[in-house]
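Structure in structure tokens, see below.
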Amino acid sequence: KDLTLGLKGEPTSLDPHFHNVTNNNQQALYLFDKLIRQDSRQKLQPGLAVTWKPIADTTWEFKLRKGVTFHDGSPFTAEDVKFTLERIPNVPNSPSSFTFAVSAIKEVEIVDPLTIRVHTENPAPLLPRMFASFTIVSKKNAQGMTTEDFNSGKAAIGTGPYKLVEWVRGDRTVYARNDAYWGEKSPWEKIIIRPITNDGTRVASLKSGDVDLINFVPPADVKHLEKDSGIKLSKSASTRLIYLHLDSNRDVTPTVTGNDGSVIKNPMKDSRVRKAISKAINREAIAARIMEGLAIPASQMVPDGYAGTSTKLKAEPYDPQGAKALLTEAGYPDGFKITIHGPNDRYVNDGDIAQAIAQMLTKVGIRTEVNTMPKAVYFGRASALEFSLMLVGWATDTGEQSNCLASLLHTYDKEKGFGASNRGRYSNPLVDQKLEEALVTVDPAKHNQLIIEATEIGIGDTGIVPIHYQVNVWGSRKGLAYNGRTDGYTLPREIIVK
Amino acid sequence: MTDAATPFVRCENISRVFEKKLDFAGKMARSLGSNVREERVQAVDSVNLRIMPGEVVSLVGESGCGKSTLGRMICGILAQSEGKIFYKGKDVATMSVAEKLDYAINVQMIFQDPFASLNPRKRVRKIIGEAPLFHGLTTASELDEYLDGVMNQCGLDPSYKNRYPHQFSGGQRQRIGIARAMAVQPECLVCDESVAALDVSIQAQILNLFMELRENLNLTCLFISHDLGVVEHISDRIAVMYLGRIVESAPVDDLFDAPFHPYTQALLNEVPRLDKRGVDFSPLVGEIPSPLDPPTGCHFHPRCAHAMEICKQEVPQRREVAPGRWACCHLNG
Amino acid sequence: MSSHLLDIRNLQTNFYTRAGVVRAVNGISLTVDKGEVLGLVGESGSGKSVTGFSIMGLVDPPGRVAGGSIKFKDKELLTQTDAEWRDFRGNHVAMIFQDPMMTLNPVLRIDTQMIEAIRAHERVSKAEAMRRSVEALGMVGIPSPEERIKSYPHQFSGGMRQRVAIATGLLNNPDLIIADEPTTALDVTIQGQILSEMQKLCRKTDMALIWITHDLTVIAGLAQRVAVMYAGMIIEQGPVQDVLDNPLHPYTEGLIGSVPGRNRRGQKLYQIPGTTPSLIDLPPGCPFRMRCPRATDVCLEVPPVTTYAEGREVCCFHPGEYQSQPTTERSS
Amino acid sequence: MAVFNSESLFWQAVKEFFESRVATIGLIVLAITIGVALAAPYISPQNPYDLMGIDIMDSKLTPGSASLDGSITYVLGTDSQGRDMFSAILYGLRISLGVGVVSTLIALVLGAVIGLWAAYQGGKTDAFIMRTVDLQLSFPAILVALILLAILGKGIDKIILALVMVQWAYYARAIRSNVLVERNKEYVEAAKCLALPQRRIMFSHVLPNCTPELIVISTVKVAGAIALEATLSFLGLGMPITKPSLGLLIANGFKYLQSGYYWISVYPGVALLILIVCINLVGDRLRDVLNPRLKR
Amino acid sequence: MLAFLIRRITQSAVVLLVMSVLVFVGVFYIGNPIDILIAPDATPAEYARAVSELGLDKPLWEQYFVFLKGALQGNFGNSFVYNEPALQIILTRLPATLELAFTAMFMAVFLGIPLGMVAGIQHDNWIGRNIMRFSILGFSLPTFWVGLMLIIIFSVQLGWLPSGGRGETVELMGIPVSFLTWDGLRHLILPATNLALFKTSLAIRLSRAGVQENLQMDYVKFARAKGLSNTRIIGLHVMKNIMIPVITVLGMELGNLIAFAVVTETIFSWPGMGKLVIDSIGVLDRPIIVAYLLITVTMFIFINLLVDVFYSILDPRVRLGDER
């Protein structure tokens, strides 16, 4: 009857447009719906929009679903969509909003209550992808409402599969089934979500039967949970890429010194050194020993099979000899000293991965120190370019490679908004050019081809060093299973009852 | 340089007030109507006292009447709030540094508690020897010899030099305390209840030691005690204190024969004596008043059998009632 | 002779410490009669307090009464059960301690502490107990006792507190009060007041009193009989006049000699050589012999108790000469 | 009754100390632990801080397994990096002890100087210092340390700094109140009367008499500091990950506790417990032996 | 008393002021919250907008004065992360922490003091010794380690108690509490035990020392000389005397308990403000951190004040105006 979920995180708010962060987005889907849904492999699916198509270079038309009502019984119409699109850039104090998703829009035109047209400044091939990132709120209920009103439940009225019963911050969120839901009916009357940040505690809650299902089962626990007959594990590869960013632009980089401690020229400007670093890393070992098999060695920025992935790129094989040779060739036969920085509370086993990489680099002659820190400190310093070699993660929520390319490999360009997370300041005009072209190419096939080319160039030049894609694991009590999602969301509709 | 006519130490109207001032919060509270007040204890109230060279003057009085405070001021470890102290005729306040040091060393104090007055972490050698060494009365190489002398003088076995205080009995400890003072070759000792904590038999030993030292070295002594028997035994002159004031001072025999002040009379009456058998005790009535809130006029009037109206209002002046005898009492007026 | 109120025979109290057995009370015999004031004198550590505690059954571990007998009104105390002891204490015999600052519980009001003393022995109402407490306070000379009884101990001066302690002791009309140096910590004037109150009380109620002190002069004024203790033994006892004027034991003589007073002004005081011995592993024989001017080889044996007259005893091989003197009439 | 023997207070205290069996055992174990910790570089089979020497392929081996290349046997198993747990524990002990002792010593000296100075100066200086101490003490220690470390980042120097920051005020207050008590004792007056200079009285008479209590406090505080360091490391602040202290080892093993890799967390935990319990046992006994209130 | 109050209040005000400055500067130095909060693919323009939205582009002192002005009116600013008034967020979490802390304190008092008294009275036999051994252990074990062990033993191995979370709550005078429901109680036991262990040991040691010290006092002997029973002597005379230091110390420790709840709350996912603040430090949510610290310290000060007042009630010798 009831379902209790133990989730690693908690939304910071129930206002779906306040904070663009996994936990918020995930639980927004309990209360609200998107125009365009993403399936478990992040393919686009009809949501509140039944169809969408470009009717001109700069115009997209969306047909809306008929007969959908909000929790309060009011009907869903194009007015609500328009209201949502206008609300998104105007949520006060939002630390991280969805403005990016609507920034291309010039005008929203309501054709009839179930048809809406979106006009853009320039051709916007990625608009449906963007529209798959946010949910639609009710104009009637959300107009003039603040984030607080959503949190209290007053404005948290959507078209989603569940209605909000209560939210006790830090303790639980309780949802009740929306019997009038347009989509698949929930088998549970009530869903209780318990935020349990601590990995050990979360696993323990599952084992003791306090919760029915948990997300982010830590890799270390997978082995013994698999032996537990009362528990079922579900694994799913994710789009979360763990990679190294290397300072490849500056002449002198902060943490690199010669073996004698003297300041030397930044060796990582040389693509051979970058390649050597990539070759020195034993991805299989990391996946097997540290991730307990719950990682897939990565070759590029999103896993195979996603839009924009190259079939030519393969994960760099472990080759210490080759790495040494390349180092010698680049003029560093005895290596150099460097510090690898990484967060210790952000990704699965992030600290361990950084250490393992340090171990491996040290073995090919690059004497590596490790410095891990809480994400609170880490990202600020990383963005301030204080590091030379850093461990970072990237999740491609849109399900295709372009925004990843734009953020990580495109030359940093504050005006045009490129390279926002290019903390190594990698710069390659060829990559820039292909990507920029792709972004205005509406034809899907051509668009895709350009992206692939850009990726091949960037990765081939070792602009970043991909390590692996995380595999997410859900654990549930016997009788339940989870059909994992690449975005890592835990959604009731993916839960399989046996 | 001390001629017989110049007092060794003379106190002129010295007073000592202990005050606890109100801080900012206290003042504020008072202005808001709270009844906090500054606490002011007049421990010593314009006392005149002279100690002639070679004389033993005793200071008696009830607990809290300011005996120790007066003693400590004379020793120079506590500053007076008012009045002057003359050392060998010279005002201490106007002395040079060297003279002050001379004064400080020459007047030494012996304490009451044989346990607390010795530093438990130092050996006897250090306790006694530190000051003479520091003041250059001896040298490190001659220290041992010097100590032997001092310890012998005080009836201590010099072989105990390397012991710690806790390894001695109470009487021996008191001797160590005396030796410590004697080691700087003072001319005057201030003994603050120095025998009060000792058993009778030990007390006798220490008293004998005092008298011996005094005779041999012609020491001047201020002997503070509340035990009239002891005082009677040892002193030349007695000063009786009551609540910060000296109410009477007289040569010992005169005082015991004919106490003048009603308080002295009452006090002497109280003293139990070996030769007073099966007496009916007829005590002085009343409590010792709190120095925080002393009675007006003559401090003794609430307990005095002869109290008159004037006693409540006016502080009696010090008068010479007989040659060498002073008293403060209105009966005398 | 069974007419004594308290009759102690050969009492032994030992402390079993890590360093060895401390024979704090080493075979003393003592009697107290109704209405009598007995002075128990001796130097620090001679076992006076332990004697008192033994009578009260209050010897703390590691101490234990090791032998002898204590009879109170012909009843043997040492074989009493815990409950009997509890009933006995404070009811038949009361004890008052030296330091008035410490004997009262600082966090309980005076009335609580007095009422409980009554109600521990008698089933009376609180109001009745209160009335009696107020009365007792009045008896020891505390002004306006009805108000003062509501105070806490720290609101009293030392002398007042000692009076409260005495009043508490009096509450159940005991036959005997053991006062363990109750005036040592007080000023002469206050001591005089307390002595006077005690004297009045004893005369009024026919209560017996054991006054423990190291001050011979107090005994001289207060007591009728005196017992002198040294190293756990009573080395001399007898009527006050007799003992003070004609001490037989060299220790008593020395003690009297060392009291400073006008008579010997300016002269050297008599000085008992040496210090009190440690009571651990005390060598056999007379404990005073190391300090005794009269000691001879016989003193290596424990001296026997010699009785000169009724109640006039000494424990020495070389006593002074006994001048038979008529005992003073007891002041009554 | 005074017992005369010819020993100094120190030896008497030592003798008394050993009268307690538990405390003696505690002291012996502590001595061994300290010895082992000091000798770690010489006796541990591996330098767990040297990345060259450890191999990820040896990770999470059960106690008693041999390494892949057969060169060492991991008696207590390995952690997720393939680090020999036995060596890591020895080195961890070294860090924990070092951090505990050094931070306590610095805090002690700092606090002592400040407290003494406050007591010596009196008046406004005293008031100011004591208000600062109050301020410091009105923050819960763990929060101060948390925030400080968040600001400072990682490293042994930083954690020592943080621990000093949370401890000094405590000592300053203890010293000051002790000094105020001692200063009124008669032996200090005697020294004054002997015209010895004030500074000499403070340092050579008053201070030594405050030390026994300080010794007692600081032993217990060393244990506290070690536990606090472990807690902070556990919360992810403190030591850098490649130089794990015991607390960090426990934290690293925490996530494996339920997975059957118990040794990664349990053995360092046991080592930490032994260390702290022994220090506390010794401190407790010291308190009994040195406490002036229980004796004359 | 009035002087005492005035003194305390002025002091507290200064403490709070200094502390808020320190925290402000401290958090400023840790880093920029936007770096953590913002989506990684956000454009620089987006970044700049977020910075100015939160007022982080102003100079630090200006930010501080804005804060101070608000704080004086009871407004600590909105949480960066939750966009709700920081104070309100903390206040909703406060009852959970207080419940935990008070329960732990309750356990420490009602377990620690009797055990300590037993240990003090029976100090020579095995009962006393074992109690002391337990207290040494309780004193030594780091809280986080005990928490871990409790979970492993009682929820994983034995499955008796839940491993985390708060359980069902009911409102008691408008405050949600969990100890009144069976489910809530079950959730409360482990974390409270965890938190209480150290304080219990402390209470044991304090009361043992107190009993031993007091039993040697003359007043105990005098009470026995009055013929009182042991029960009354221990239960009233000694008890009342040892309560004074024990309550004082434990009272002062209550503040520490609230702070240390950070660790316990993290381990047991107890939805209190300790966990909140750890998370907030993680994302540099300055308003929350500042408000949390101010509230904790205010509580600290208030508790100490109460303890002092309580102390003066327990101990008739103390007069509050006297202090310093």
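Letters A, B, C, D and E name the chains as they come in the text, with residue numbers starting at 1 for each one.
Here is the rule we use: a contact is a pair of C-beta atoms (placed from the backbone, for glycine too) under 8 Å apart; a residue touches a chain by one contact, two chains touch by 3 or more.
Chain by chain, the UniProt names read as follows: B = Peptide ABC transporter ATPase; C = Oligopeptide atp-binding protein; D = Dipeptide transport system permease protein DppC; E = Dipeptide transport system permease DppB.
Small disclaimer: the values here were computed from a predicted structure and weren't measured.
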*State the chain with the largest centre-to-centre distance from chain C, centres being mean CA positions.*
A
*Please work out which of A-E and C-E is bridged by more C-beta pairs in contact, and write that pair.*
A-E
*From the C-alpha centre of chain B to that of chain E, how far is it in Å?*
53
*Could you give the separation in Å between the centres of chain A and chain B, each centre being the mean of its C-alpha atoms?*
87
*What is the distance in Å between the mean C-alpha positions of chain B and chain C?*
32
_Set of chain B residues in contact with two or more other chains_ = 169-170
*On chain E, where are the residues touching two or more other chains?*
30, 148, 152, 156, 266, 281
*asked:* For chain D, give me the residues that contact two or more of the other chains.
replied: 4, 150, 254, 257-258
*Mind listing the chain A positions that touch chain D in their complex?*
199-200, 203-204, 207, 218, 220-224, 282, 285-286, 289-290, 344-345, 349, 351-352, 354-356, 358-360, 362-363, 368-374, 376-377
_Complex contact set, residues of chain A against chain E_ = 12-13, 15, 18-21, 92-97, 99-100, 147-148, 151, 168-172, 194-198, 200-201, 204-205, 207-210, 345, 374-377, 379-381, 383, 394, 403-404, 406-407, 414, 417, 420-421
*Which part of chain D faces chain B closely enough to touch in the complex?*
2, 4-9, 185-187, 189-196, 200, 205, 208-209, 296
*Contact footprint of chain A on chain E as seen in their complex*: 30-47, 49-50, 53-54, 78, 80-84, 89, 92-93, 96, 148, 151-152, 155-156, 159, 162-166, 169, 176, 266-269, 271-272, 275-276, 279, 281-284
_Show me the residue ranges of chain D that touch chain A in the complex, using the header's touch definition._
51-52, 54-57, 59-60, 80-82, 150, 153-154, 236-237, 240-242, 252, 254-261
